[in-house]
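Next come two complexes, and both contain chain A; in the first it sits with chain B, in the second with chain C.
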Partner chain A sequence: MPFELSYRQTWLHKINPSFKFLLVIALFIYLIFVDNPNLMVNYAIGSVGLYFFFTGHPWKRLLLIALPFLLVFVTSSTSMIFFGEGEETLFNWGLVHITKESLFRGLHLGIRGMVFAILGVVFSLTTRPVLLFYSLMQQLKLKPKYAYSFMAAIRLLPIMLEELQTLRHALKVRGAVGGKGIRGFYEKIKAFAIPMLSQSIRRAHRIAIAMEAKRFLNVNNRTNYYQIGFSKFDVLLLLYFIGVGVLAQFASVNFPYFGIEDVRVIG
Partner chain B sequence: MSKGLKLTDILVTIIIALIFGAIYKLWGPLYGIVSTFGLQLEQLLYGMWFIAATVAYLIIRKPGVALLAELAAAHGEFIFGGEWGITTLIYGLGQGFFAEFIFASFRYQKYNMVTVSLAGLASGIVSLLIDVYYGYIGDLAMWNLLMLIGFRLIGAVIIAGVFAHFIVQALEKTGVTSLVRPATSVDYDALDQ
Partner chain C sequence: MKEITGVEDLRLKFPGTDSLLLKDFSISIKKGEKVLLLGPSGSGKSTLLQVLTGLIPNSVEVPMKAKRVNIPKSWGFLFQDPDTQFCMPYVDEEIAFVLENLAIARDEMRHYITDYLKQVGLQFEDIHTPIQSLSGGMKQRLAIASVLALEADVLFLDEPTAMLDPTGTLEVWETVKKIGENKTLVIVEHKIEQVIDFIDRIILLNDDGVIVADGTKKEIFSDYKHVLVEQGIWYPGVWEDYLRNRSSPNETNAKKPIVTLKEFDVYRGKEKKVHIKDLTVNQGEWITVLGENGAGKSTWLLGLMNLLKTKGCYQIDNQDARRLSKLTDYFAFVFQNPEFQFVTNSVFDEIAYTLRLQNWSEDQIVRKVETLLARFHLQPYAKQHPYHLSMGQKRRLSVAAATVMEQPVLLLDEPTFGQDARNTFAILEQLQQMRNKGTTIIMITHDCHIVKHFATRVLYINDGRLTLDCLPLQYMEEKQQSLEV
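On to the complex of A and B.
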């Protein structure tokens, strides 16, 4: 996170960032091919458990961060629920045509969107960006010029936010109100993008030259302030997800929530 | 010209990308609000998620910049807790890759509005392809699916193509682009005179 928040360190913070990253990507790819809503609900329960009990942040903050998840749920599911194809009509009003098939498919999409969102937030809440990039350099052999560029860029974000605030005030005080429609929309983008981009490019250019002079490009014989390795917690996270996977599979067969096994083929 | 991107190119690309990453983060709620109306109107706004690649390419004009920009923007949105989570990374990778492919097919020699519009279009197409698996869009009613495809591609061309072109054109007047662009034959000819 750009601003340091106070939180309790948990075992999730101690996991190797590269490992955590790859594991989350692997889960993403796996879950894209899960078409069984019973299984998906169980995975959602597993991810929510990780989010609420092991991220080490206070409950109030976790609930606040969780609000956009509802938006994700709504945006991922509504189109499919209202306009999806299907045979068994539940509700029909003008263009809106809700069928049993589209309803379940939409809910499935909504839940999946939430699982991805939760896993993503669990990752960002428990990983410091600096450690992530050090780990990517050490474990996945990311070139230092990319890693240090990212880290420098992240450090520049607070300055950029401050600039944005100044810009907003400056435009407001001068009574700059954009026109309407697509032209006004473009003018609004321009009023913010041009000053922000030009200032930031100048600054980035200056910093990059200084970094090159300081040999940040050096690949060989590099020493690192942070040495990142593996620990027993990496195994613990892997076991957690294997456990969730096995339980989810077991529960979806023996205690299904819906009588549907594949949202793509219902009938 | 030395091989690959220099640290300057990378840092500038990432900064540009992070600015757009922040815009993406703000764009999410707007997109969400519009999408509750149904009818796929939100798809017109989708093109904003392709703009980092085209703007960065137009500014720096080097191979690899479009892909890096789109990935960095997605990564920025991700590590700052964007509500779409890891989904953004996968989409970012695909969109950046296809935009890069368009620029490569012009051998990185064309910097006009048509080229970036094509890149926006390519990003739009790949996002639709991912949606077939991720969003089951193949199972939408036909008229709705056509609206989704149409609006998304129109939005992609207008925002990632036309807007990106005009933004960079305006940016050229500030003079910052000359800091980061590679020297061209025009520049060398100017030295001879």
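On to the complex of A and C.
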């Protein structure tokens, strides 16, 4: 199947998924409070390193997935760069008013957005959903009812993709090009959404019955096929981020890229 | 013998319907019996299986009342759709899911999993194999393995081969026969050819969900044949009976080529999936396309419709097919799942859709649609939503809507799939009528009876290549020979 990617197992794959999940969330929250652009750039370098060297995916795929990072960077920085407030004008053209302050704030936001994206992708590239949910059940006491619902839903995604393709063909054969503009768009949405939804609902209902036919609900003491524990790799990841944090702090003080320490107060 | 499952005075009604689906219904099945439930679509057979297992009302909330329901202590359920039986992505994980539910210790699981897989004849190098990569027949056998994991005494099978090709169907029934020897089997099935030899009791339901006959298979097939015919149920010899009453088709001898292919390749993405060296389709032919699942039959049809990338010479009516402004003027296409073809909110609009795109006047449209509604027996449903039709009606509507422009060539992807006898014959007759008027039919099918009695030519596709192009009779002979070998 084209939806199943092959990759090399690395130590990142062996980390406890719940731990990885919580660590990434914690980093997200921490990064929101980082206002020093020098520090932010260093964190970006740290995450990019993890992304390119330790996810175990081939270079070509990694570069391809990296393209949207650029988009994230551009979209999250430009609005601030073009329209943000500031004193020291660098460029002025109609509504667009770039100042030194807005430029740096924009870049800072862009890099932050990118770091978020990279960490998120690192997480999803190195975590099998099934193991994540087993771990959530075992370590974070998620109810099996929800965990298995998610796992069943993930199974439906490739089936839905195939269905979308068939539907596109069928509509084309019927000559269903639809009008132009908003009305055409609305009709297109309707033509796709209703059959897809009706199929999905029916399918979900059938899977639910099949699961209960396999005695899913009347269980209190279920066992687990996968036992997810902790390992030295969890410590390794923690150390990696502590290391990146310390180095980033050190480098931002001793070898700053910009003469700005806080994007909130510039000039 | 002791009763192992049964129900007494069952009353059941689906919300939103006017009448009871099952009314004062009683049934009793003894230990070790192999029972086949027969009845037209919508007679409540699947519902009954769900009541006997307690899935109704425990899992599916349907209002019901019964004096007594005897749910067997251990039961397993095999469903129709191979894709909606599983909740995990890998083979081992799926069986493990059952073992987890039964609280089997973790270190014993691997042993059990391999054992159950072996019992259903599935062998993998690594049991951690994606379910998505299995064929339909293998998926259903995996589902049987999970039923085995339940250590079930009673097996309920709800048309488990309705969506499989002949090879898959055979695999599944062989497996059921093997593992079911000491178990009680309750089977709902349309395609009864393979089931019939290990069944010992048949219960016959009619349209209203009433038991009209209950007895050994010999009794049923000799004494109740008229009921089987009336209800449009498949039975051994249904084809012979049908053919006896059929007027012989008109043979068209006009040999005018309509589609010409030379070194024609169809691609999916960058991969070449189908290669046809040289093929001419003549007007008025009824071509059946045969081959195993995944051989490239559907891909070929999609290529003909220009829905996939193609290379090589492709002419329709002596014109380059890729230069035609509208291929849909020449080809009509009927997909396997009719629902995907519906784009409007009523049966009438569905047929009128293409006509409106062609700017026909409303008068003309009404006249044309009415004739088609009449021809396809859909008049009473003109105002209904297409999704509310029955399986057979949906199929007829999809053919009517696709062929409204009377295109010279009709492509069909397994149009009789999952239909009962009555609907199958109804569709085939419509197609026959169209062919008599000169339409060329290219149709994917697995049904050898259609090949034998309707087709004028057989194309066999194997691994993307056309390996056989002959008359139906020749094909049947070759098949016979290969079976004997």
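The working rule: the second predicted complex is superposed on the first by the 263 of 267 C-alpha atoms of A that agree within 3 Å, B and C clash if a C-alpha of one lies under 4 Å from a C-alpha of the other, contacts with A are read in each partner's own complex, and residues count from 1 in each chain.
Basically, contacts are C-beta pairs under 8 Å (C-beta built on N, C-alpha and C of every residue); 3 or more make two chains touch, one makes a residue touch a chain.
Being a predicted model, the structure only gives us computed values, none of them experimental.
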Would chain B and chain C fit next to each other on chain A once aligned, or clash? fit
Which partner does A:113 contact after superposing on A: first (chain B), second (chain C), both, neither? first
Counting only touches as set out at the top, which of chain B and chain C does A:97 meet: first, second, both, neither? first
May I ask you to decide whether A:198 touches chain B, chain C, both, or neither, giving the answer as first, second, both or neither? both
Is A:130 touching the first partner chain B, the second partner chain C, both, or neither of them? second
In the superposed arrangement, which partner chain does A:105 touch: chain B (first), chain C (second), both, or neither? first
With the two complexes superposed on chain A, say which partner A:222 touches: chain B (first), chain C (second), both, or neither. second
For A:82, using the defined touch cut-off, is the partner it touches chain B, chain C, both, or neither? Pick first, second, both or neither. first
Can A:158 be said to touch chain B (first), chain C (second), both, or neither? second
Mind telling me which of the two, chain B or chain C, contacts the most residues of chain A? B
Does the superposition put A:174 against chain B (first), chain C (second), both, or neither? second
Can you work out, in whole Å, how close the C-alpha atoms of chain B and chain C get once everything is superposed? 5
Once the two structures are superposed, pull the chain A residues common to the chain B and chain C interfaces. 1, 148, 152, 154, 198, 203, 207-209, 211-212, 216-217
Of all residues in chain A, which touch chain C in the complex? 1, 3-4, 130, 148, 151-152, 154-155, 158-159, 163, 166-167, 169-176, 191, 195, 198-199, 203, 206-217, 219, 221-225, 227
Which bits of chain A are touching chain B when the two form their complex? 1-2, 24-25, 28, 32-33, 65, 68-69, 71-72, 74-76, 78-80, 82-85, 95-97, 101-102, 105, 109, 113, 116-121, 123-125, 127, 129, 132, 145-146, 148-150, 152-154, 156-157, 160-161, 182, 186, 189-190, 193-194, 196-198, 200-205, 207-209, 211-212, 216-217, 263-264
Per the contact definition, I'd like the list of chain B residues that touch chain A in the complex. 5-8, 10-12, 14-16, 18-19, 22, 28-29, 31-32, 35-36, 38-40, 42, 55, 59, 68, 72, 75, 78-90, 133-136, 139-141, 144, 148, 158, 163, 166-167, 170-171, 174, 176-177, 179-180
So in the complex, which bits of chain C are touching chain A? 50, 53, 55, 58-60, 76-77, 79, 81, 83-90, 92-93, 96-106, 109, 130-133, 146, 150, 302, 305, 307, 328, 333, 335, 337, 339-343, 353-354, 357, 387, 401-402
